[in-house]
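Following are the structures in question.
One chain, subunit A, appears in both complexes that follow, with subunit B as partner in the first and subunit C in the second.
Up next, the complex of A and B:
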């Protein structure tokens, strides 16, 4: 029986706590008597018969006819799936997407459906490499569909293959992939690692155009998104997407949504000490920790990155449900919360976060400074329901080396964003008004996005907007161990050690602040009362 | 002239002398043994006496229990990891696909249920390939159903088969109660089985109708059947070939099949055959094409076209040309197309 998450009050006998520092770790001692640590629930027991569960979900969907009843000869069937940004780290094969799509194809074959297209729902993310597609879908699907041009990646800049479905009462235009829009049935295969994903967001971002995405991916909306992991009515982003979902439901193709949730078993041996509670580390765990950190200290960063990105997580599926998008998503959320929710009482003055080597926007790439901000203030800060873990005006302390390094193939526009936009402003609204269009319409970035493996030119803005709420909420953001000039460019304060960081924080929160540490991984959502 | 063609007469004479010199002492040494008889030799049978036949210990009656004792197991592991794996790589270099279809069961590790692997059968190499291609945790406890009349007709062949392959003698004409009981007992002990439902190697390079052995055993034991298609081995070392022609092969594992409640052996066998046929199509084309054809029952038959004679052989050549495995072909020279 997996243990639920819990809040540990730090006392003098509490051992130092594990913090991520990019491609390494550190153990930090938090002050006794006024610190607490939020530990995630242990991974839930997965489904034993995954293929059986998938088949059952497809044959018994929620508020919709069984999948075989929606399939007929001569129809246009489109299957869209979540891209490489999920799950993190990439899961051991066979991936959930492969299993689900194979089950859908089985039924399509039985129904005599010939015209099947499989589309990677990238949104403005980078195109997946062949090895990533093969990993997500398996060789069987790749070899069968890709050579025939029936497996490809969504292109948000291919205006001939986008179609406008309508406009919301708020003036938001829904423009999505033409093939998907004109299909007799669109099947979306989703992986819900976090509560913010899934539902109408799948199609309305994954298969949408820049014009469509810009309605909800902007500084103003993200500043009013409180939070990404909690109640939808508190998230301006989700409100906008759900309005678009209504247009999609009324004017779009028939949609069959398949959502899956995973447990939080994220690191295989020998890295399993990462998810353990420190006082439960065995001699072997301690030895592994020491060997790992000492050798990573001496390992070139490039090699360390390669090692970490080669990790395949032993994630396993905990639920699969299919049918009408809204109803399916509600059920998925229940499963995600069952795995990730931890009740927490009250807010604190300081929130400490260890920033890992990976975020949704750098699988097999470099965690550049903008992504450090996005991961800390965008994702980890937002892992709350009701209220943030830190009080308004409090301090957020992150640990990461924050090196000034960018992946030239994946993140070309990030480089210019860092050199050109950040020295000018770090305000999401201001940068949106002044700089966004220039980057969004840059022909070279557009070319790299469409033909290479680059994120869209506007993507660094979106990554920055993602942290808009955290940036606005926090009185000060301190990065421990980061390159000082890079950290200052982000608008944050550099510190050498955790003690220095507490000293620097005292300007804002006084000499004896309360501290909360979010112990990641695994993923958790703090339900703050 | 004679000197240039062979040994001289003088040399032959000398050789004969040496022979005589050796033969003399040899005869002297061996003379006493020539007189040694019973009990050092087999007794002769008096005329008119009928000796009752001893119960056969060969064929289907060969006892293979010793081959599953720890010492034999250790020897087999050493054989598999060393010479067998190297030989398979050198001869057939198999590409193994579809093992992810067994992942759910493989994750159970020690609790993984025993499986019955049912491949098509073109060559003796198939068994060797299966011994290295079957994924863990089944590989360590794998036994092979081998034709009793072929692999267990002499003591040394029986011992070699049992030791190296953990082979079990099976009467290929009929799965007798004795064989079935033995297999059931072993499956209950956690052993998985490779059994060729065709009953023997293909005589002409095309597959044969499946017999019900795998289906029958699965229904009796409850072990799921894993359809497997092995491609390319017929061209490397098919029936009737004197020596192998090294090449490449492909092994495709399918999803495990379980008998439906109340399903007859015949119907279950037909499902197994259809699954292997689909995998054969998948090996030549791709998973989607094969699956669509399976839905309409139009996968190319493993048993080949209906017609006989040279056209059947001709069609086999076409099929082998389609595939990317088999004997290594010399790269065709391709001239650039200059328009």
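Up next, the complex of A and C:
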């Protein structure tokens, strides 16, 4: 029986706590008597018969006819799937997407459907490399569909292949992939790693255009999204997307949503010590930690990155449900919260976060400085329901080397964003008004997004907007171990050590602040009362 | 008189070359430059005047000479020993304050000028620079016959002399010569900017010459968008103050040009790029960089003195890029077709508010090793232009002893 998540009050006997620092770790001692650590629940027991569960979901959907009843010869069937941004780290094969899509294709074949397109719903993310498509879908699907041009990636800049479905009462235009929109049936295959994902967001972002996304992916909306992990009515982002969902439901194709949830078993041996509670480390765990950190200290960063990105997580599926999007997503959220929710009482003055080597926007790439901000203030800070773990005006302390390094193929516009936009402003609303259009319409970025493996030109803005709420909430953000000039350009304060960070934080929160440490990795949602 | 003089001593030149890589102070101490006592130069003939130096700047070409880095190209164009110093403000025997246009042109050497009203730098044949009534020397400051500004006195021909207004300070006036160089480089971009509404000119390097080029572009090139690669924060601030639209670090300049011009990046070259680029650095790397982000059929103006470089010119060939030198100044053709003397433009430029701030520090010539070390590390030390001050020292004024003060003392 997996243990639930819990809150550890730090006392003198508490050992030093594990912090991520990019492609390495550190152990940090937090002050006794006024610090606490939020540990995630242990991984839930997975479904034993995954293929059976998938088949059951397809044959017994929620508020929808069984999938076979929706399939007929001569129909246009489109299957869209979540892209490489999740799960993190990538899961051991067979990937959930492969298993679900194979089940859908079997039923389509049985029904005599032969016009099937499979589309990677990447929105404005980078196109997946062939090896990533093969990993997510398996060789069988790739070899059967890709050579015939029936497996491809959504192109939000291919205006001939986008179609406008309607406008919400708020003036938000829903514009999505034409093939998907004009299909007799659109099947969406989702992996729900965090409560933010899934539901109407799947199609309304993954298959949408820049024009469509810009209605909710902007500084103002994200400042009013509190939080990304909590109740939908507190998220301006989700409110907007759900309004678009109504347009999709009323004017779009018939949609069959398949959502899955995973447990939080993220790191195989020898990295399994990462997820353990420190006082339960065995002598072997301690030795592994020492050996790992010491050798990583001596490993070129490029190689260390390669090692970490080669990790394949032993995630296992905990639920699969299909049918009508809204109803399916409510059930998915229950499963996600069952795995990730941790009740926490009250807020503290400081929140500490170890920033790992990967975020949804740098699979097999570099965690550049903008993504450090996005991961810390966007993803980890937002891992709450009701209210943040840190009080308004409090301090967020992150640990990461924050090197000034960018993946030239994946993140070309991020480099310019760092060089041009951040020296001018770190205010998400101001940068959106002043700079976003230039990046969105830059022909070079368009070319690289459409033909290479680059994130869309506007994507660094989106990554920055993701942290808008955290940036606005925190009185100060400190990065321990980061390159000082890079950290300053982000608008944050550099510190050499955790003790220095607490000293710097004392200007804002005094000399005896209360502290929460969010134990990363393992995903959790702090349900803060 | 005491003067700083460069002599052609091969061992010292070699020593300076080696030592300059270790320490700029050592190059000055052990190199070809010495503080010597010499006689003031004789007036070479009619039309020559004696100039009493006030301030004399230290230029990049002076440093190259002192550090033994100058190109052998100059061997036949200079005459040893010579007193350096060509960025000069001083006064004549009659008391008029002047700046010197240092090129030893046709008039100074007794030749007919190439056209009526020609400036010393004009003309398409340089034979006069090594012939005529003087020893060889491209400028005052590289000629044995005239002495140079790093001495209390030197001689200049009336064709080189520009009287300056009383309102102009010495600190502004010593910047006229580099300003003229910058303006000349700026105006050399014009041939490829014709017909372009908002042309883009990139400037790589923001030492004295780069900053003067920015000032020249802003004052004399209509509608220009100036994007600058400046390494140090004070250089970035000066570049902005003088009119740069975009200032980036040098290694970020290519991307800044790409953004401004809407180009694409193909390999390490831009598909388009700046209409013109001014290279105010003059190294293999800087030339290669400029060729990368200047548009096809654009122009690279080489203002920094390069010496020997190694550059892959395939891109230049393919893109039909013009690579032109920008040595000094003379008579310019302005955008409206009018003709102006560069030095007249520079005298106006040097009087613009705040321009004198480019002069960061002055030294007595006795302290020349410190001065040269400061000049060699100007960027790193937060400086721009370093100069020698040869004006008579100002004696400290004793505090006035009024009744109140004496009362205080007695208490």
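Everything below uses one rule, namely that the second predicted complex is superposed on the first by the 529 of 529 C-alpha atoms of A that agree within 3 Å, B and C clash if a C-alpha of one lies under 4 Å from a C-alpha of the other, contacts with A are read in each partner's own complex, and residues count from 1 in each chain.
The definition used in the following text is that a contact is a pair of C-beta atoms (placed from the backbone, for glycine too) under 8 Å apart; a residue touches a chain by one contact, two chains touch by 3 or more.
The structure displayed is predicted, hence computed values, not measured ones.
Colleague: Once the structures are superposed on A, label A:232 by its partner contacts, choosing first (subunit B), second (subunit C), both or neither.
Modeller: Once the two structures are laid over each other on A, A:232 reaches no partner at all.
Colleague: Going by the contact rule set out at the top, does A:444 touch subunit B (first), subunit C (second), both, or neither?
Modeller: Second partner only.
Colleague: Which of the two partners, first being subunit B and second being subunit C, lies in contact with A:224: first, second, both, or neither?
Modeller: Once the two structures are laid over each other on A, A:224 reaches no partner at all.
Colleague: Which partner, subunit B or subunit C, touches the larger number of subunit A residues?
Modeller: Residues of subunit A touched, subunit B against subunit C: more for B.
Colleague: May I ask you to decide whether A:140 touches subunit B, subunit C, both, or neither, giving the answer as first, second, both or neither?
Modeller: first
Colleague: When the two structures are overlaid on chain A, which partner does A:211 contact: first (subunit B), second (subunit C), both, or neither?
Modeller: Once the two structures are laid over each other on A, A:211 reaches no partner at all.
Colleague: Between subunit B (first) and subunit C (second), which does A:56 come into contact with in this model arrangement: first, second, both, or neither?
Modeller: A:56 sits against neither subunit B nor subunit C.
Colleague: In the complex of these two chains, what residues of subunit B are touching subunit A?
Modeller: 97-98, 100, 103-104, 255, 282, 286-289, 291-292, 294-296
Colleague: Write out the stretch or stretches of subunit A touching subunit B in their complex.
Modeller: 48-51, 93-94, 98, 105-106, 109-112, 114, 116, 138-141, 143-145, 147
Colleague: Can you tell me which positions in subunit A touch subunit C when the two form their complex?
Modeller: Per the touch definition, subunit A meets subunit C at residues 412, 415-416, 419-420, 438, 442-444, 447.
Colleague: Name, in rising order, each residue of subunit C that touches subunit A in their complex.
Modeller: So the residues of subunit C touching subunit A come out as 248-249, 252, 255-256, 258-259, 262-265, 271.
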